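Both complexes below contain chain A, partnered by chain B and then by chain C.
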Partner chain A sequence: MDVINFIERELTAQRTPLANGNPELLLITGQLDFKAMSHLIQLIESRLINLKLSAGIISRTKILSTEIIQNAFKHGQFLNNSFFAIYIDAVNQELVLKSGNSVLKSKTPELHQKLNDISMCPKDKLQELYVKMLRESVNKTDGNAGLGLISMYYRSKGLVTYNFSEFSDELNYFTIQVLYKF
Partner chain B sequence: MKDFYIEGTDNSFEVSLQKGGNLSFSGVSTPEDVKAFMDPVLNWIIKLKENPPAKIIVDMRIDYVNTVSTRYMYEILQHVNECTAKGSVVVYNWHYEKGDDDLLELGEDFELSTDLKFNFMPYA
Partner chain C sequence: MITIESTEKTPRIIFDSASKSISIVGICVPESALEFFKQIYPAFEKEFSQSSSFTIDIFLDYFNTSSSKELLSFLFEAKRKEKQQGDVKVIWRYLPNDDEMYEAGEILQEITELTFDFVETERPNEV
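After this line comes the complex of A and B, so read on.
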């Protein structure tokens, strides 16, 4: 199966009931490089402005989008060809951000473990966890200890779901969904 | 020591550091190489600590930052705060668009994580 078709099928198959029947705010698939990241954030902002959403919602979406896209970019750096998709929908006072990207199978357990650990944190302790990890990460050179992932959970108040599915002998396909109620 | 200025881009802050004590950061920070962008800023602040001005005003008008930039901002603010050991008074101003509670929250997170007292200043 063509990888782009695979990604689009995965994301659209996971559309939330609230979003059914409504045009998405944004659905983009392709390869992700640094230029594309910056462009995507600007594109997301312009689409949100067109919807006349409040400045707060636009800021929140940009912050969450940045975390999602940068996480995908980080994992794409380990691959020769990194495939990425992002889907954003704003319906009925809910913002849905979903992304899908390929992840090396060898990197999957670490990512899975981080997500699992963060998901166990009570919602009212997410800010505390974020601040703690930020302080601890300052003098480290080996990554952010999942700070971006914690930020996604914290800023969406824990409304994050994720999934890994097998794509090939070397790759898994990773999807993450962040829901933000406004 | 000279003043320091970097023009903002679509993915990096506008940074203005004046040896007289006015320091400002504005825009977005998601540069491709955060270290390459932030290290000169950090080094300038570390140099400032040697002979800091009596009053330092830090103005932050930030749209969004990635997590690596957040780490650097945390570190930069800690270094600025160390100027108080040499008698400097430091004022931290967090500017945000009126009604943008999310950027206000981002500032509050910075305030909480750094243990510094921010002035939150909405603009229309």
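After this line comes the complex of A and C, so read on.
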């Protein structure tokens, strides 16, 4: 199966059409390019403005989209060809962000462990965890200790789900869904 | 006055010792936040070597977590200046109803313990 078709199928398998009949707010697939990120965020913003969502929801979506894209980019750096998809939908006062990207199997346990650790945090302690990790990150020189992932959990109040699917001998496909109510 | 011009991923930063102000306006999602923020310290030291009292006026449209980490480091540097008998104030600007960016400012205030004024504002022309 073509890799982009695979990701599209994974992301849109359970989608619910918008009330106006549009299949989704946004679905973009392609090869990952960090340079295109701000244009992608602009596109997301323009779609959200059309829905007349509040400035707070728009900012949250832009921040979450940025984290999702950067996480995919981080893992894409290890690959010759990195494919990526982002899917955003807004239904019944809920906004859903899903993304899919390839991850080296050798990098999967580390990512899985980080996500598992964060998911153990009680929902009402996620902001506290984010503040703690942000405070401690200042003195760290070796990355951000999963701060972007913690941000996703904190900003969605814990409504994050993820999955790893085997795609080839070397690659897994990682999908993550962040949901929040507005 | 020293100006670091904005790009599509980084904010415009103006250090102005005459008005005792530092202005940070725009989007902040650089590919490497560490590299981007590295360049602001020499400008900061050059303009504010003799001053420990100034205002940091911030409007961020959106940012990534690595930028919030580096912005926090910069605010800690400002805090160190303040401890030299100075007075540092942060003006945190956000759009009407943008509770997300308001909360982002509150978190920076909580961690740095700097004085923050929260000001609801219209979108600046340059963003």
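As a convention for this text, the second predicted complex is superposed on the first by the 174 of 182 C-alpha atoms of A that agree within 3 Å, B and C clash if a C-alpha of one lies under 4 Å from a C-alpha of the other, contacts with A are read in each partner's own complex, and residues count from 1 in each chain.
Keep in mind that, in the parts below, contacts are C-beta pairs under 8 Å (C-beta built on N, C-alpha and C of every residue); 3 or more make two chains touch, one makes a residue touch a chain.
None of these values were measured; they are calculated from a predicted model.
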item	value
First (chain B), second (chain C), both or neither touched by A:108	neither
Which of chain B and chain C A:54 touches, first, second, both or neither	both
Contacts of A:147 with chain B and chain C, given as first, second, both or neither	both
Contact residues common to both interfaces of chain A (with chain B and with chain C)	34, 37-38, 41, 54-57, 59-60, 62-63, 66-67, 70, 130-131, 134-135, 137-138, 144, 147-148, 151, 155
Chain A to chain B touching residues, read off their complex	34, 37-38, 41-42, 54-57, 59-60, 62-63, 66-67, 70, 127, 130-131, 134-135, 137-138, 144, 147-148, 151, 155
Footprint of chain A on chain B - complex, ascending	10-11, 28, 30, 32, 63-64, 66-68, 70-71, 74-75, 97, 99-103, 106, 109, 112-113
Touching residues on chain A, where the partner in the complex is chain C	34, 37-39, 41, 54-60, 62-63, 66-67, 70, 130-131, 134-135, 137-138, 144, 147-148, 151, 155
Contact footprint of chain A on chain C as seen in their complex	8-9, 27, 29, 31, 61-66, 68-69, 72-73, 76, 95-102, 107, 110-111
